[in-house]
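To keep things simple, chains are lettered A, B, C and D as they appear, and every chain counts its residues starting from 1.
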Amino acid sequence: MAEQELDTGGFDFSEVEKRLGVTRRTFLKYCAGVAASLGLSTSSAVAMAKAIAAKPQMRPPVIWLHGQECTGPTESLLRSEQPSLEHLLLDMISLDYHQTLDTGAGHKVEELKKKSMKENHGKYLLVVEGAIPVKDDGVYCKIAGETMLHITKEAAEGAAAIVAFGSCASWGGVQSASPNPTGAKGTQAVLPGKPVVNIPGCPPNPANFLGTVLYFVTFGKLPPLDQQNRPKWAYGRLIHENCYRRPHFDAGRFATEFGDEGHKLGYCLYKLGCKGPETYNNCPSLEFNNVGGGVWPIGVGHPCFGCSEEGIGFNKPMFALANVETHTPPNSFPTIEDRQQDTGISPTAAALGGAAAGAAIGASLMAAKKVGNTPESDSGSDG
Amino acid sequence: MKRREFLKGALGTSAATVCGVMASSKTAEARPNLEVNDNAVGMLYDSTLCVGCKACVAKCKEVNDMSPVIESKLEAWDEARDLSGDTLNVIKVYKNGTAKTKDAETDGFAFEKRSCMHCVDPGCVSACPVTALEIQQKTGIITYNPDACIGCRTCMTACPYNVPQFEYDKTFGQIHKCQMCNQKGVERIDKGQMTGCAEACPTGATLFGTRKQLLEEAKRRTALKPGDIYNYPMGDLSKPDSYHEKPVPNYKDHIWGEKEAGGTNVMHISSISFDKLGMPPLEERSYASMSEGVQHTLYSYLALPAVALAGLSFVVKRNIDSDGEGGDS
Amino acid sequence: MTRLIVGPFNRVEGDLEVKLDIKDDQVEAAWVSSSLYRGFEQILEGKTPGDALVFAPRICGICSISQSVAASSALRNAMGLEQAPNGLLATNLLSATENLADHLTHFYLFFMPDFARDTYGDQPWGEAAQKRFKAMQGEASSYFLPARKNLLQLIGILAGKWPHTLAIQPGGTTKTLDQGDRVRVISVLSEIRRFLEEKVFGDKLEAILELSSFGELFSWADNQPMEQGDFRFFLKIAQSLALEEVGKTSCDAMSYGTYDGLFPQGVWRGEVGKLDPQLIAEDLTHSMMIGDTRHPSQGETFPDLDKADAYTLCKAPRLDGKVVEVGAYARQLIAGQPLIINLAHKSGSNVLSRVVGRLIEAARLVTIMEEWVDGFKIKEPFCSHGKMPDEVEAVGMTEAARGSLGHWLHVREGRIENYQIVSPTTWNFSPRDSSGISGPLESALVGVPVIADEKNPVVVQHIVRSFDPCMVCTVH
Amino acid sequence: MSTYKPIGGRILTPTFIFFSIIVAISIYFMAQRFIYGMGSVANINGGFPWGIWVVYDVIIGTGLACGGYALAFTVYVFNKGKYHPLVRPALLASLFGYALGGFGAIFDMGRWWQFYNIMLPWNWNFNSVMLEVGLCVSLYIIVLIIEFSPVFLEKIGAQGLIKVLDKVLFFFIALGVLLPTMHQSSLGSMLIIMGYKIDPLWQVMQFQPLLAVLTALIMGYSIVIFEASFSKASFGGPNETPLLAVLGKVAVGLMFAFLAIRFVVLGVQGKLGLIFAGDFSSLMFLIETALFIIPALIIALPSQRQNPSKLLIAAVSMLFAGALYRFNAFLFTYDPGPGYSYFPSVSEIMVTLGVISIEILAYLVIVKTMPVFHRGEHA
C-alpha cells in the first residue's frame, strides 16, 4: 500500500505541499502509513490526507496543559516523524495554549487561554501533560496562582475531547509512586464521568498521540479505546507479544547481566526484570527517536520497566520479575495429557491382531472337531 | 498313588504355596519405606512461579547434550510434548475453560514440570535387574549406568511418574532420565554447582537445595497468607543468587513429594490440586517396599528355594529309583 | 515602590514566578519562586537502589541523561565499581549529546525568541530577528528542529530512547555497540558538525575554538554580515544591547567536573581553586521545606507550604556558606577555556558570557565527541558488575547542561535509606539563605532597569533565560 | 525298549510353507528392529514400555510353555508314571516356548548386546523381580535342554552319555520343577511394583505370585491336553483322552482355587463392585472369568470330560483364560496415566506371529524327525 499512490479523486494537495515542504507523494504515503497503523482502510487514509490539507479554519483549537511533569511528552513530540510533527501538528490543530512552546510569556498567555476556551466552548481539544496533585487541595502544582486541579477541571468543562498525554496524565506516573507525597493522580481520576483518552508512556510515543489526533481531526470522534481508555490500535498488544527477543524467551535463553554473552547475542531480558510480558504498548513496532534499527529500550539491551502500564511502571522494582500475562502461541505448551509418542491404532494392525486371535480360536475348534471325529482306538486306563 | 491322591496332592501343594504366600503377605509389611536422607539434594518446583519460558528445558538439553524434539515443519523451537529419550524435563500446561487466569482451577491455567522426582524409595532402582539404576548414597540422586543396562525397561513400568525413557528411535538406544546434572562427565553437583534447570530458571520456580531445606521452604510458602509479599529466592536455596518479591498465591496445602510413595527429593507445590496436574494416585507406602517385601519373604538368601530344591530332588530321585515308573529312559 | 510579578514563564522547563520590587525604575529586590513539587526524594526512600535509575531521570525531560549519569555514578561509587572503559565513552557521548541538544534548544527555542518580540521591532536587526527566531514560526526552528532530531538519534542509538533511558548503568551501558552502530554514530556526528558550522557558527568549529578574547570574539563577529551564522547574529544583538552588562552576578562559579576529568572539578574565585564537596550545605530558611541547614547526604525533603518567611519550594544550597553560580559558563571557566576566562576577567558572569559559554562548549563538545567515537574497543565489555554493600553512603556528581548536579545516596540492607538531589537550577535560582544573601538569579536581577508600567519586562526574561532554568529539576 | 518314534512324513507341507512365509516376513521386521531401533517396528512408548513382544512372547509364551513344568510335577513329584507318554512332547513344547520366549526377550531387550550383564553376579540386584525372572528363565532353558537331551542322544545313539545323564537327571528334573515355580510366580510379583498402573481388579499386590503360579499350572495342564489333542488330530496316534481328562480335572481344580483366592482377595480389598462397573476393565474381567468357568462346566460331567472334542474346547478355553489374565494385567487394562495409549503395529504383530510360526515349524520338523511321540500301542 505504501508504494501505491492513493486515489484521492484529483484533490489538490499543492497547498499542503507548500505548507509542509513535502511532496504530494511523500505526504500521501505518510497518511497511508498512519492509517495502516491505526488499522484503517485506504479510504480513511484519503480522508485523513484531505482533513490535514483542509483549510486552517477547520482545525480544532487545542489547549495544552502541563501539570506535574518533566515535559518528556512534549520533548518526544519535538522529534517526531516526517513530515516534521511540529509542522503537521501546527497545521492540523490550532495550538492556542502550550506552556513550553509558546512565544509569549506571563499572564498575557493565560488570558489568551481563557479567551480561547470561552470562544471555542465545546469545540476544543484539551491535552493534559503531567499528573495532577490533589493532596492539600492541589497546592503542589500551581500555574499563575491557580492549582493544576482547578485549571484542569475548568478546562475540561468546555472540551470536546480530552487527551491525557503521557503516563503522568494517564494514571499519575512517576510522582504517584508510593508513598505518592503529593497525591498525584491521572486526568481521568480527577475528571470522573468525562471521557479521557489515555496515551500513557514515559515518554509516550509521539506517533500514538499523533495518530489519535489525526483520527479525531479526520472523523470528529475518538478512536476505539480499551478498558483503560487507551487507543486500541496502539495499546492492544503486550510488548512481549511483539518483541524481537521473544524467540529467545520461548527457547529459554536469558541474559543474566548487562553485557554477558547472552546479552550480546540478544537473549531475552526477562530475567533482568523486563516488564514486557505485562505491559501493553506498541514500542516494538514503532521504536523511538526515529533512528530505526532497533532503537527502543529493549533494543539497546535494557529491560522494559512498564512505564506506560499502571501498577507496573514505578510500582514494581526495576529488577523484579514480570508476571507473564499471556502466552503465544498457546499451543506451544503440551497439556498434561500430551505424550511424545502417540501412534494410535492402525486398522491393519487391528485386523491382523483380530485375524491372529481368530485363527487361534478357529484352529482350536477345527481340531476339536477333528479330535471328536477320530474313532476311539484306545479306551485308555482311567484308574 | 491313586488319582484321588494325586488330585489331593496337587491341590495340597497349591494350598501349601498359598500358605507360603499368605505368610509372605504378612511379612511383606516387614520392609518399610526407605528412610529420607535429609542431606539429599533435590529441587522444589513452585508451579505458581513458573512463567512457562522453558529455560529449564533448553538449559537441560544444553547441559545434557540432547537434541530438540522437532515435530512440525516449522523447526522453530523444541516441540517436546513429554519426557522422552531426547527430553529430561518438560513444562506442561493445565488448562480449564477459558484458561484466562493463571493458577486458577476453573477457567484458568497452570504450568507443571515433568522430570525425575528422585524418589526416596524409587521403584526403578528396586526393579532394575542389573543395578543400572542406583541411589547415590551422598546425594540421593538416582543415577543410571548405561554400561550395565540391558534395556529391559522394567524401570519404566516401575516408575510411578513414567520418568525413565528409552530411545526407541536409535539402533543402540539407552534409558534417559534426569540425574540432577551429576552424571559422569557433567558432575555439576559434585563440583558444587546446582542443576542446570535451577540455574536457568528466571523466577526461582525450580529451586535447588537439600531436601530438608526445600521442604522447610515449601512448608513456609504453603503456610503464607495469600496476598502477602514474599521474597522468593532463586537458584540454590543454600546460597541464592538473587531474590524477587511477589505476592503470595493461594497455595494448596499439599507438598507433593513430602510423603507420596515414600517421598521424593524433587518436590512440587502449586495452587492447583495435583491430580489435575497429572500426578499419579499414590499413597504413602512405596510400591518398591511392597514388592521387595514379597520378594524377600519368598527368596531371602535363597533359603526357601534351596530347601525346596533339596526336597524336590529327594522326591524325584526316590520316585525315579523306586518304581521306575517315573524313569524317562 | 511597586511590586511586579513576572510569570508564569513559558518556554522554560516547569513553573517559575519572579516577584520584583521596583523602585525608581530599577529592580530593588527579587524573589524567585518555584511552585511545583512532586516528592522524588520521598518516593525514592525505601525503593531498591537500582530503582534510582528508573526514578531519577524522570525528574526532568530535558536533562534526563544527566540525572541518569548522576544516579548511576552514585550507585557505582556505592558499589566501589570501575566503569567499563567502553561504557564510560558511551556514557560520555550520551551526556555530551544531551548537553549539546540542551544548549542548542535553549538558544533556538527558549532564549533567542525573546529578541523577536515587538519591543525590539524598531531595532535595526528587529525584523530579521522576528523572521528568524519567532517562536515556532521563525525559520530557525525549521532548520534547528530537524537538526535536533538528528542529534537525538545519537541518544537513540546508544540509549534506546530519549528522554528517560535505562541504558546508563553503574558499570557502563546496556548497549553493546557493534561496528554498524559505530558507523551510525559517526555519521550523526558529522551531520551535527555540519549543522554547527553552517547554521550556528557560520565558520569552522576549530576557528571558533581559537577565539580567545572578548576582542577577538567581536572582531570575528564583525568579519561577516550578521546573517552568517546564528552565533554571529546573537553577538550583534548582544553588542547592540550591551548584554555583557545585563544580569551580572558577582558570586563564585562552581563545577563538579565531568567526562572523567576532561572538564575538571573546581571553584572559580577569580582563579580556579579546589572544590570540597563536604562544604556543600542546603539552607532552608526561606524554603518551604522543614528542617535545618544540612549537607545533602544528611538532607531531608519535606515540604511545608505554610512555612513563615518561605517563598519558594527551592532550597538554598551554599558552598561553604557562599552563593555559587553553575552552568556552562562556570564549567568552561574552570576547564580553562581561554575565551571564557577572558570574558570572566573582563565583565564577569552576565547574559552574554552565559550564552557564549554554552555555544563555545557546544563547539568544544562536538570535537571531543569525535575523538570518543574513535576510542571504542568494540570487542571489549561495555558494562562491569558489582555488588551493593549492606550499608553504604555515596555521591554521584556530574555536570548537566545547566550546571552541577549531585545525587547523595544512602543504602541500607538493599533499600534506599535516603536519596537527596541537588540540581543546577537549585543553585542558580536559590532563595535567600539564613544571612539574607540572595541566590544568583535574584542578585542578577537587582538593579535591572524596569519601566513601571511594563507588565512583562523583556530584560527580566533575558536574564532569567540566560541561566537556562530547569524548574522541574530545581524542585523535584 | 524305546516306544518313542519319529512320526516321519513330508516336511514341506502347505502348512509348513504357510508358516514359513510368515517367518520370512517377521525376519524382515526383526532385521529392521535391529538396524533402526525398536521404535521403527514396535508401537511401544513412554507409558507402555512393554508391548506384545514382552507380554505375549515372554510372559504369556512361557505360561503356555508350562506343559513341561506341569507334567514334571505330575510325573516326578507325584510319581504318576502313566502320564509319561505325554512328557516328551510337552517338554519339547516347553523348550520351544521358553527358547522363543528367551529369543523374544533378546529382540525386545533395548540393549541386547549387553544381555550378558544379567549373568554377571556383580550386577545382580536381589530386590529385582526381573532379575529372578531373567535368571530362572535362562537356567530353565538349560534345564529343559538337558531334560530333553535324551531325545537328541537317542537320535545320534550316544548311549554312554544317556547313562551318565540318567544318574544326574533327577537333579535337573527337580530344578525343572523349582525354577518355573519361582519365575512363574515372579511374573506375578512383577506387577506389584507397577502399583496404580495395574487395574485394581488385577492389582492384588502380595497375592500376585500365587495367582501367577496357579495360572501357569492351569495353562500348563491345558497346553498338554491341547497339544496331545492337536497332535492326534494332525498326526493320529493313541487315544490319550482318559489321561488328559484327569489332567483337565486337575486344571479345573486349580482353576477353582485360583478363582476362590482371587474373589476372596478382591472382596477383602473391597473391589468386588468394580467387576460390574461396566467399563472396559470389568468387561475384560467378566470375559476372563467366563473363560475360566466354561471348562469347569465341561469337565464337571464325566461324559463331557471323556469327549476329546469337548475336552479340547475346555483346554483351549482355559488357555485363553490364562493368556487373557496376563494380557489384561500387563497390557489391556494397564494404565500408566492419562494420554498414554498402545496398540501394536502391523510389523510388531508380524514379529510375534513369526515367533509363533517358528515354534510351530520347529515342532513339526522335530516331531517328524525325532523320537518325541510315544507310539507304543500302534507301532
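We take it that contacts are C-beta pairs under 8 Å (C-beta built on N, C-alpha and C of every residue); 3 or more make two chains touch, one makes a residue touch a chain.
What you see is a predicted model; the values in this text were computed from it and never measured.
Peer 1: Going by the contact rule set out at the top, which chains touch both subunit A and subunit D?
Peer 2: B
Peer 1: Which chain pair is joined by more contacting C-beta pairs, B-D or A-B?
Peer 2: More C-beta contacts join the chains of B-D.
Peer 1: Averaging each chain's C-alpha atoms to get its centre, pick out the one most distant from subunit A.
Peer 2: Comparing chain centres, D lies farthest from subunit A.
Peer 1: Using mean CA coordinates as chain centres, what's the gap between subunit A and subunit B in Å?
Peer 2: Each chain's C-alpha centroid was found; their separation is 46 Å.
Peer 1: Per the centroid of Cα atoms for each chain, what is the distance between subunit B and subunit D, given in Å?
Peer 2: 32
Peer 1: Once you find the CA centre of subunit C and the CA centre of subunit D, what distance in Å lies between them?
Peer 2: Chain centroid spacing, subunit C to subunit D, equals 96 Å.
Peer 1: With centres defined as the mean C-alpha position, give me the subunit B-subunit C separation in Å.
Peer 2: Going by mean C-alpha positions, subunit B sits 67 Å from subunit C.
Peer 1: Which positions in subunit C are in touch with at least two other chains?
Peer 2: Residues of subunit C touching two or more partner chains: there are none.
Peer 1: Enumerate the residues of subunit B that touch no fewer than two other chains.
Peer 2: Within subunit B, the residues that touch at least two other chains are 3, 82-84, 168, 278.
Peer 1: Taking each residue of subunit A in turn, which ones touch at least two of the other chains?
Peer 2: Residues 317, 319, 335-341, 382-383 of subunit A each touch two or more of the other chains.
Peer 1: What is the complete set of touching chain pairs?
Peer 2: Final set of chain pairs in contact is A-B, A-C, A-D, B-D.
Peer 1: Show me the residue ranges of subunit C that touch subunit A in the complex, using the header's touch definition.
Peer 2: 6-15, 35-40, 42-43, 46-48, 50-51, 53-55, 58-62, 64, 84, 109, 113, 116, 134-137, 141-142, 145-146, 148-149, 152-153, 155-167, 169, 171-176, 180, 184, 303, 305, 381-383, 385, 455-456, 461, 472
Peer 1: Along subunit A, where are the residues that touch subunit C in the complex?
Peer 2: Touch residues, subunit A against subunit C: 21, 66, 68-76, 78-80, 84, 86, 90, 99-110, 131, 133, 136, 139-144, 173-175, 177-182, 184, 202-203, 257-259, 263-264, 288-291, 293, 295-303, 305, 307, 313-314, 317-319.
Peer 1: Please output the residues of subunit B touching subunit D within their complex, sorted ascending.
Peer 2: 1, 3, 5-7, 9-11, 13-15, 17-18, 21, 24-25, 28, 82-84, 123, 125-131, 146-154, 156-158, 160, 162, 165-175, 261, 278, 280-282, 287-288, 290-296, 298-299, 305, 308-309, 312-313, 315-317, 319-320, 322-329
Peer 1: Which stretch or stretches of subunit A touch subunit D in the complex?
Peer 2: 335-346, 348-350, 352-353, 356, 361, 364-374, 376-383
Peer 1: Would you tell me which residues of subunit B are touching subunit A in their complex?
Peer 2: 2-3, 51-59, 69, 76-84, 87, 90-95, 99, 102, 111-112, 168, 200, 202-203, 242, 244-246, 276-278
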